[in-house]
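When the chains are written out, they are named A, B, C, D, E and F in that same order, and each has its own residue count from 1.
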Amino acid sequence: MILDTLTSPVILFFILGFFAACIRSDLAIPEAFAKAMSIYLMAAIGLKGGVEVASTGFSVDLAAAAVSGVLLGFTLPILAFILLRSFAKLGAIDAGAVAAHYGSVSVVTFVTAIELLTATGLRPDGFMVGVMALMEIPAIITGLLLARAYSKRLKESEEADTEGGSNLMHEVLTNGSVILLLGAFIIGFIAGAEGFAPIEPLFSVGFKGVLCLFLLDMGLIAARRLLETRKITISLATLAIVLPIINGTIGTVVGTLIGLDPGSAAILGVLCASASYIAVPAAMRLALPQADPGIYLAMSLGITFPFNILFGISLFAAIAKFLG
Amino acid sequence: MVATVKRKRIEILVDNPLVPKIVNYVKKVDISGWSVIKIASGGGRDGRWQQDEVSGAAAKSIVLLIANEEKAQRLTDALAPLLDSHSLLLTIANVEVVRGDRF
Amino acid sequence: MILDTLTSPVILFFILGFFAACIRSDLAIPEAFAKAMSIYLMAAIGLKGGVEVASTGFSVDLAAAAVSGVLLGFTLPILAFILLRSFAKLGAIDAGAVAAHYGSVSVVTFVTAIELLTATGLRPDGFMVGVMALMEIPAIITGLLLARAYSKRLKESEEADTEGGSNLMHEVLTNGSVILLLGAFIIGFIAGAEGFAPIEPLFSVGFKGVLCLFLLDMGLIAARRLLETRKITISLATLAIVLPIINGTIGTVVGTLIGLDPGSAAILGVLCASASYIAVPAAMRLALPQADPGIYLAMSLGITFPFNILFGISLFAAIAKFLG
Amino acid sequence: MVATVKRKRIEILVDNPLVPKIVNYVKKVDISGWSVIKIASGGGRDGRWQQDEVSGAAAKSIVLLIANEEKAQRLTDALAPLLDSHSLLLTIANVEVVRGDRF
Amino acid sequence: MILDTLTSPVILFFILGFFAACIRSDLAIPEAFAKAMSIYLMAAIGLKGGVEVASTGFSVDLAAAAVSGVLLGFTLPILAFILLRSFAKLGAIDAGAVAAHYGSVSVVTFVTAIELLTATGLRPDGFMVGVMALMEIPAIITGLLLARAYSKRLKESEEADTEGGSNLMHEVLTNGSVILLLGAFIIGFIAGAEGFAPIEPLFSVGFKGVLCLFLLDMGLIAARRLLETRKITISLATLAIVLPIINGTIGTVVGTLIGLDPGSAAILGVLCASASYIAVPAAMRLALPQADPGIYLAMSLGITFPFNILFGISLFAAIAKFLG
Amino acid sequence: MVATVKRKRIEILVDNPLVPKIVNYVKKVDISGWSVIKIASGGGRDGRWQQDEVSGAAAKSIVLLIANEEKAQRLTDALAPLLDSHSLLLTIANVEVVRGDRF
């Protein structure tokens, strides 16, 4: 599957973007266009997931996947936190922030994985979209609790800044991408296959092509992030590859154990392996402004994202197939 | 010749996710309004960056405020503790505001 | 039809946007993307209308609808002006500005109505696009004349500002959306079905999906406008619902009387009921800068637009069916 | 050391639809040029707002001008009557312009 | 063919934009949307070209066209330079800059020509996309060499500004549009027809419609450029029409001589006739900042682009047919 | 009351393709950072223009810098030869920077 992956246009566009940034080309995707594509992709996968659940109904699998996803979201950051502090010698604040990223999920990695898995016959269940939306938030809570528990500096400054807590919870729960994913999921569920039909053309015709152009932009962003950073040590770079492998393997194994089909188990692995670069960075700027964005963005966008796209997805698919 | 008053022009360079937080402080010290200008790109000790809405967390804006000296002072006092932790850049300049008694 | 309406994805996306803004989510559609979608929608309906007229030819109905539309555009603001001054106690300047909005039309309400009516078997005639374009402007003139006739303050300041008049007329007649709608209409007419065929895919495949995403944005904008406003009194809010009901009923009745089919009569009603939030606000900032945008935008975008989308369209469809 | 001249830096905060009107005044008083910067969001007595091009009428821009004192004076005099009716915010600051004799 | 051209929706949208700008309408396409469309169009033609070459394989025609294209790119600016200096009395710096524009190519003119030629049965070869990408750069080099050779002022200031040269070469070779075109071409080549199939819908369904909206914007830009300019003399305007005729004729003749089919020969003519308005202006701002953008943009965007779209393409098609 | 330091606020109006060149000079004189603001439209002796990314070569940005007097001086000296050939517009104003010792 690795070879299929590396010659799929979706991935080739990612590589093109990465390459263009490395040779310092001025190629750029306007930010409004990138945002538009991400809104389109989220609406499309939300809708499709909802329509699928409307036709299959709620199932035990769905419940098991949702519960596992949320629990993994809460617990995976703990392991990450320990490794970040011991192996990479990060302070508690930075370690908490990075851990939150690795416990949460990347929508684009998810979408790319769906495409690649479907193309190789491992089509995941539609409800995994809902699971993904649920997994965006828990890790933020664990990450913050860890940072607060282990940082003296933070405890003091917290007492001054009282309004922070409620604001953050609100910000995280009403996060645009969560609302859009869940909202589109519910709309798809209410509309069903029949109601979806008239609007389907836009969301199916364009999907893979838009994903190509979006990954072109992600390649540019990932490489630029990596080139510009001055904060990445060798141990951080190592963790940015080891963490997705560990988390992804755990996710795939859990998915298999709770009885998901191989495609869905692989996707659960991909969700665990992926690191957030939208919802969590914004939440961290707000809740842990002292944490260094240079570290968490370079790790999640610059290393983990490319690793998952190029190798991780194939790896977890192989594990899921082997176990399933 | 039209009358002018002396006011302070405050610019606060801040990460986008923190703009609402700054605005809360602006309201607390009772400044009449604010305007936000997007920064397209920039660079500093952390290397250079470009606006990208995919991960908008690292993008920056300028919050622009016109206020009288006393309110400007209260705002900077209120924001001072955040300057380092939130890496804000806060500048204050003198301006003449035409018929600006309401600021 | 109300129930059909409320479970159509197009409307559900509007509700999603409205809901997201109400819980103060940071969900946002980039402005360039929103503008792109509105250009796409206007080009698409203009083209389709023109192609349709090219195949059916000009008819008495078309002429009757165009003349009625323009006359209604000129006269409806008078009634609105009277109600705004007497019932809501607005000053002449604000009343003139608001009246202009209610006499003009909302393109998105029109497009949504076309979709909903077509889905329920009441397909309106293609030429109604042209009628809509013609109805954007007259109310601006009436609104300004009313404001000038009844405001002393304005009469004095007018004398100082001499260049205003010609500038405004130019601005209004060359308004971007009018030019685009009429231009696309003419292009569709010249190209005909055959010339339109090669470019049709873009304009038909995407149409309903784009409308969904656009209404998502409109929901966000409408709710934010409503939440942020400090200018809306109870009587203004009442008028923002009563005016579309009155105007829409008049429009539907007139449409039926001049012999339009029920779908087209309903659309004429919708056009009369809808309030502008693009062309007219811009014209008013220029021509009546003293009028308070907080009032007219909150009424037209925050109340009348959602009312029409959710209930008005169904109401005028019912009236047209009943009469037709 | 390069020569500088003292000039006025004028900022006019104005609703987008009115920008061309302001520019007409700028030309009338013979200022050599102007630059327009978009405001992304803001707030004031009328509540907060965000740029949205769907109804761009409420969005705002800053018209930025560099001019000598005399032209600056003529411009503010010309704009004074519009300040309230068009709710403009006009500020004037001192700047040094490098080799700026043409302004 | 001229009549077909002038009633094709693609061209009608260009005329609409031109007209709207002439009557000073405020119609505007958001810049991010325009950029998005141009990225889409370049990715689409790159991909299609690559897929086509993957199925036909490399051929002698391809090599001949590529070599001729590059040679024409290097030499055509010399003629232009001579005419600009003698006939239009431009200084060496401005003449060099303008000559570089006319030796390079316009992607949109190319795409429009492909559409119009294919519609009239003169389908050009897929590899011409690659030829176009190669033709973007050589003229920049010739133009700069000419400017340097003939301008004393430049020679002096060059000595001060040492870093310029390598920077420029890098900027030109890594230019975004070149990278995107060649990259998409290579991706199409690697993916082949089968790999392209899943992403094809986006790139074929939307293509002609997007081209319409893009040309609408080009019409606006071209006309505004022409109306705002104060730098165009009658002799410059004349050259902006004469140069494309000469260059286009040379290109078409060369294309025929090296054995290209009429469609491809006509496209080579169009490439020679077209003037750059993206890559070259940016390079000139950097390398020849003393050259006046008011001159080269008004000539290339304001006059040559409309001329080629409306008449040039048909002209070179006729020549190619006549010769072929 | 929080401490402020006097610094220079430098604005350089420049064509977009030349921004990286300016940034190179900024780095050479060791100014700690820079921020770029896009100009949406403007006009001058060459007529008016609007941002259009299709041919972005004519669009402009402002490079905004906070620096101490000495670095400001070195930068303007370094840029002086480019002012005319690259038609830059360079202004310098005085500002107070709150806790701004690092600039």
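Methods note: a residue touches a chain if its C-beta (ideal position, glycine included) is under 8 Å from a C-beta of that chain, and two chains touch if they have at least 3 such contacts.
Predicted model only: the values in this text are computed from it and were never measured.
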Minimum number of chain-to-chain contact steps, chain D to chain E: 2
Those chains which touch chain F and also touch chain A: B, E
Chain pair showing more contacts of the two, A-B and C-E: C-E
Chain whose Cα centroid lies at the greatest distance from that of chain A: D
Chain C-chain F separation of Cα centroids, rounded to whole Å: 44
Distance between the centres, which are taken as Cα means, of chain F and chain B, whole angstrom: 19
Overlap residues in chain A, where contacts from two or more other chains coincide: 28, 30-33, 35-36, 205-206, 282
Residues of chain B engaged with two or more neighbouring chains: 37-38, 48, 53, 93-94
Interchain pairs in contact, sorted by label: A-B, A-C, A-E, B-D, B-F, C-D, C-E, D-F, E-F
Touching residues (chain side chain D, partner chain B) in the complex: 11, 13, 37-45, 48, 60, 62, 73, 76-77, 79-80, 83-84, 89-94
Residue numbers on chain A that touch chain E, as the complex places them: 7-10, 12-13, 16, 19-20, 23-33, 36, 119, 204-213, 216
Interfacial residue positions of chain A with respect to chain C in the complex: 30-33, 35-36, 39-40, 43, 47, 170-171, 174-177, 179-180, 183-184, 187, 190-191, 195-196, 198-203, 205-206, 282
Residue ranges of chain E touching chain F (in the complex, touch as defined): 28, 31-32, 34-35, 38, 157, 160, 163, 167, 217-218, 221, 224, 228-231, 277-278, 281-286, 289-290, 292-294, 297, 301
Residues on chain B engaged by chain A in the complex (per definition of touch): 15-18, 21, 24, 46-58, 81-82, 85-87
